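Structures given as structure tokens follow.
Shared chain: subunit A. Partners: subunit B in the first complex, subunit C in the second.
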Partner chain A sequence: MISEHRGPLVAGWLLSAPAVVVVAAFGILPTLNILLEAFRTDGTPSLANFQGLLDSGLAVQSFWRTLRVAVATTVLTVFAGYPLALMILKARPRTSTIILMIVVFPLMVSVVVRTYGWLVILGPSGIINQALLALGLVQAPLQLVRNEVGIIIAETQLLLPYMVLSLIAVLQKVDPHLEEAALSLGANPVVNLVRVILPISLPGLLSGVLLVFSLALTAFATPLLIGGPRVPLLTTLLYSYVFSSYDWGAAAAVAVVLIVLALVFITAQRLMAGAGLKRHG
Partner chain B sequence: MPNDGATKAAGTPVKAIELKGVSKRFGSDVWAMRDVSFTAGQGEFVSLLGPSGCGKTTTLRTIAGFEMPTQGEIRLGDVEVANLPPWKRDIGVVFQTYALFPFLTTAENVAFGLKMRRRPRQEIAERVKGALSIVGLTGLEDRYPRQMSGGQRQRVALARALVIQPRLLLLDEPLSNLDAKLRDEMRLELKRIQRESGITTVFVTHDQEEAFSLSDRVIVMNGGSIRQMGTPQEIWRSPNSRFVADFIGVENLLSGTAEAKQGQTVVRLESGHMLTPATPGPRTGPVTVAIRAGDIRFSADDAPESVAGEIVDADYRGDMFVYRVATAVASQPLVVQAPSHEKLSGRVSLVMPPEKMVVLDDL
Partner chain C sequence: MAEILRRSRAMLPWRLARLAFLGLVAFWQVFLVAPIVIIVIASFTSANYMTFPPPGFSVKWFAEVMSLSWFKDALVTSLIVAAASTAAAAVIGILAARVLARHHFRGRVVVEYVVLSPLILPGVVLGFALFNALVYFRLEDLGLPNLIAGHTLVTVPFVVRSVWSAMAGTDISLEEAAQSLGANPAVAFWKVVLPTARPGIIAGAILAFTYSFNDLTMSIFLSGVDATTLPVQVMANIEYSADPTPAAVSTLMVGLTFTFFIIIARTVGLRVFTDR
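So, the complex of A and B:
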């Protein structure tokens, strides 16, 4: 019995050994090194790097800005993604394919192209400001880039597909008769949405929120190109520590903060999903 | 019938539901229902019977309000509902898939419709309790659907539909996801519960046995149209067309041509054999002669009007044998039933009693 089970297990380990070595050498060890670096100053253990972050107004601002952007992006993708997912599921096959294509399209475009696209649309002389000025709704162009608003808009568009796909994955499996049962029992479509569809889609909503939030937390290219160095997030701050001020200790500390943020959030989501699963089965 | 009293008191029979010339078109040219008209009296149990794609489910969905009819009227009592949304129709529906809310317990599932009607908590609790006891689920209030068997889920679905005291109960093949034994049990239960509650019921099924055993009246559908309406006995005894006879399981359907001969109508089968049914059809031309396996008898070789044949195979069914007998009468072997104490083989003679033959439109 035991040898039967050990055979393939040993073979599996052997076969995966090269991959394990590569991942360990180029992934895990450097990461551990960075983590250690964060807790060391001039070769001795200390928390000076973190103290430095707390003392730096820019770092504290970045921390809160990162959270604000991630939360706002997540909330926006929920509110934009939910109706889209429902629309895609309700529409005729042809129409739903087209909507889905449009939603997923950003994932297939280079981040640089997509981001410059947003600069063209949101910039002071961009389409939106031109339109608002022409309609007389504003006197001067709105500031939509080089600030949080621009980052949130661009990231919402970028991360929307993750939310929509997570929701579709769950909603697709729902027995269509469930909705009809609710309607026949006296629920109008709004009540049906709140009391039946929403609770059923909760697992998809949670996994979408997890995906979008962690991706928003760690997004780099969009905040760098749309926000620029004056509105740093933790990721772009880390970048500038490494490449502008060569402060590796501070950069490592920022990395630790990012990792802890992600872990806290994932744990919270797991706990919520666990509670939800107990009810859903 | 529990509601006879009410019906008589009103003077004229109360039509719990009436469909008048209802048609439903999908896309530009697919007619799922063509000119469907029928009524059901208060407390009546009506079955829509037919093969898949016959329009029975569309009819049910149109009554429930999940589909809008392309034309026609649907009345519940004296209310025209064709333009009412489902949530204003007060119709209970039990689905083939049960469609229980997976995130709600049994009691919460059953309470759903009452909560939608904003009934007081106390009343909801009492009515849920009552409904669960009617379907025999007392004690399972806190189970989630996934923790229950198919039969139990079925009962929850039934309780959920009944508890709102709907004007009409619609059942969409509710028994077809159950195994055979449970299906028989649930069928009896369903009949008892429907009789006790007295709720007018429209039942959709493709199973003629279910339809016959449950219904006061059976409506046979095909191709979106009603083909025959009547009590189970009427349809069993006198199907009105080849389609209906075939669908309710008349084993022997012989194609032929009705001809007038010496003042009598005879049917010339494709084989050239002549049959003289006791009750000829109303017309001449292509017809089908239907005769059940149980109505054909084995006879002595020299009996008058007997047909020679040879047994092709014998299917033992416990209380009887079902034989297939090759004859010169028809290209297909005739199906004949006989009690199981006489296992026959080889060459035999058959008698087809003229009074058991039914002449049908060849449709």
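So, the complex of A and C:
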């Protein structure tokens, strides 16, 4: 009897031990150590690192800038995500596959390459500015990089696929008869969209919003390349505390802020997705 | 006749709305591929500085890249790191996925959250945390092993999720049949469980390899003096040089990524991305 209960327990822990040990040793324990260091100064417990962040204009600015960028990026992905998701679901299979590929492929391409592309497009001598100058719409090149505008545009491209996938995940389960019924009862396409499709897509929208928002809060390569050290977000601020000013206590405190933000939104997203992890088991 | 005319007039706003919708879809599709396409086109330039549109066609920057020592070194480092971390993540990830898909025991949820935690914790935090620990043990100059450790950490979840969902979809009775016919659990696992989970394993391994090969966040914290990955070098070159060499390297990276993307689309299908 006892062995029957212990068998799965021992086997379960033994087989998962290598993965658990690797993640714990290289990820969780070092992160816990950072958490401890954030609340210590010269070996004694203190809140000096956090007080330092609050007293630093740069850190406070970075915090609000991070939130602004994440909100703007999320809103843009919602507006872009719906047309793409609806098209993928409504188009003929071939068209739908091609659009899906266009949405998914950028996910696999290096963030460095994608951000580099935006530098070429948005830079002072980039395509956008060339066009605006040629058309006489502006007299001098617009400042589209090294500021929040550039970061928001590049992060929208970075995270839009996640929004589309979240919407599709929910919308593809919609019973097509429901829409047919609405249309045959005389609902016009707009009423159908607002009264039938939007309410059904709300769970997907919510989980997409939370996912994109948390990924936007923690994006690193894009703000590093487009914003640079003069326009820091929390992630790039952490990086410059580590490698430029060597203030690792401050870096640890920023890490705590990032972990709290990420955990809050990821947990909410998991709950929204209806404990999606458990569905497999 | 008048009825038809009236109807078609009433249809006009819908036609326009439809056109606007299609235009919107087209715009966002262009938006998604623009940065990638533009880098690829710009890399075939004859100019000596980065510009778009390119004034003429040339492959000279690819020839230039091949002669650069930093490119060869970084490419070799990136390939070694991606291959080693994918192999490590595959082995430990498959075992963990097996446990999550089949075993029910106290603490299973702990295993689940620990193994998937690298997806939840921000990349910069993981990079800084591991770097900080390595500095504490005076191991920060090792380079290659550190990169492999860091990349194994962040790629394990890809293998686990992908293999887990593949195993959850398979029939346990096959494995039981093999065991009742006399195969011991290890043989049954090797001959029955692994082959049935193969699509998930392939997809997980490809996603892990691509993620590692393209990663900047982990690599920028863990790269040493003699072990730097391609994305870190490309980034440094974008910032400090105006010539199109980083574009040529980027095009090669996009080419490799596209090959893997097509393999995934052809073997396991795009469902890997849409099913969650």
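Everything that follows uses one rule, which is that the second predicted complex is superposed on the first by the 259 of 281 C-alpha atoms of A that agree within 3 Å, B and C clash if a C-alpha of one lies under 4 Å from a C-alpha of the other, contacts with A are read in each partner's own complex, and residues count from 1 in each chain.
Everything below uses one rule, namely that contacts are C-beta pairs under 8 Å (C-beta built on N, C-alpha and C of every residue); 3 or more make two chains touch, one makes a residue touch a chain.
Here the structure is a predicted model, which is why all the values come from computation and not from measurement.
Colleague: In the superposed model built on subunit A, check whether subunit B and subunit C fit or clash.
Modeller: fit
Colleague: Name the contact category of A:Ile266: first (subunit B only), second (subunit C only), both, or neither.
Modeller: second
Colleague: For A:Val113, using the defined touch cut-off, is the partner it touches subunit B, subunit C, both, or neither? Pick first, second, both or neither.
Modeller: Second partner only, subunit C.
Colleague: Just subunit B (first), just subunit C (second), both, or neither: which does A:Ala19 touch?
Modeller: second
Colleague: With both complexes superposed on chain A, which partner does A:Leu53 reach: first (subunit B), second (subunit C), both or neither?
Modeller: Touch partners of A:Leu53: none, neither subunit B nor subunit C.
Colleague: With the two complexes superposed on chain A, say which partner A:Leu159 touches: subunit B (first), subunit C (second), both, or neither.
Modeller: Neither partner.
Colleague: Between subunit B and subunit C, pick out the one touching the greater number of residues of subunit A.
Modeller: So, of the two partners, C touches more residues of subunit A.
Colleague: A:Val149 contacts which: subunit B (first), subunit C (second), both, neither?
Modeller: Neither partner.
Colleague: Which of the two partners, first being subunit B and second being subunit C, lies in contact with A:Val69: first, second, both, or neither?
Modeller: Touch partners of A:Val69: none, neither subunit B nor subunit C.
Colleague: Looking at A:Val191 after the superposition, I want to know if it touches subunit B, subunit C, both of them or none. Which is it: first, second, both, neither?
Modeller: Touch status of A:Val191: first partner only.
Colleague: Between subunit B and subunit C, what is the shortest CA distance in the superposition, whole Å?
Modeller: Minimum C-alpha separation, subunit B to subunit C, in the superposed model is 6 Å.
Colleague: Let me check the overlay on chain A: which residues of subunit A are in contact with subunit B and also with subunit C?
Modeller: Residues common to the subunit A contacts of subunit C and of subunit B are 188, 280-281, listed in rising order.
Colleague: Which positions of subunit A touch subunit B when the two form their complex?
Modeller: So the residues of subunit A touching subunit B come out as 175, 177-178, 180-188, 191, 195-196, 199-200, 279-281.
Colleague: Any idea which subunit C residues touch subunit A in the complex?
Modeller: Those in contact with subunit A are residues 14, 17, 21, 24-25, 28-29, 31-39, 42, 50-53, 88, 91-93, 95-96, 98-101, 103-108, 111-112, 114-118, 120-126, 128-133, 136, 149-150, 152-153, 156, 160, 164-165, 168, 207, 210, 213-217, 220-221, 231, 234-235, 238-239, 246-247, 250, 253-254, 257-258, 260-261, 265, 270, 273-276.
Colleague: Once bound in the complex, which stretches of subunit A touch subunit C?
Modeller: Against subunit C, subunit A makes touches at 8-9, 11-13, 15-16, 18-20, 22-24, 26-31, 33-34, 37, 80, 83-84, 87, 97, 99-121, 125-127, 154, 156-157, 160-161, 165-166, 168-169, 172, 188-190, 217-218, 220-221, 224-225, 235, 238-239, 242, 248, 251-252, 255, 258-259, 262-263, 266, 273, 276-277, 280-281.
Colleague: Which subunit B residues qualify as touching subunit A in the complex?
Modeller: 64-66, 85-87, 89-93, 95-97, 99-103, 112-113, 116-117, 144, 146-147, 157, 160-161, 164
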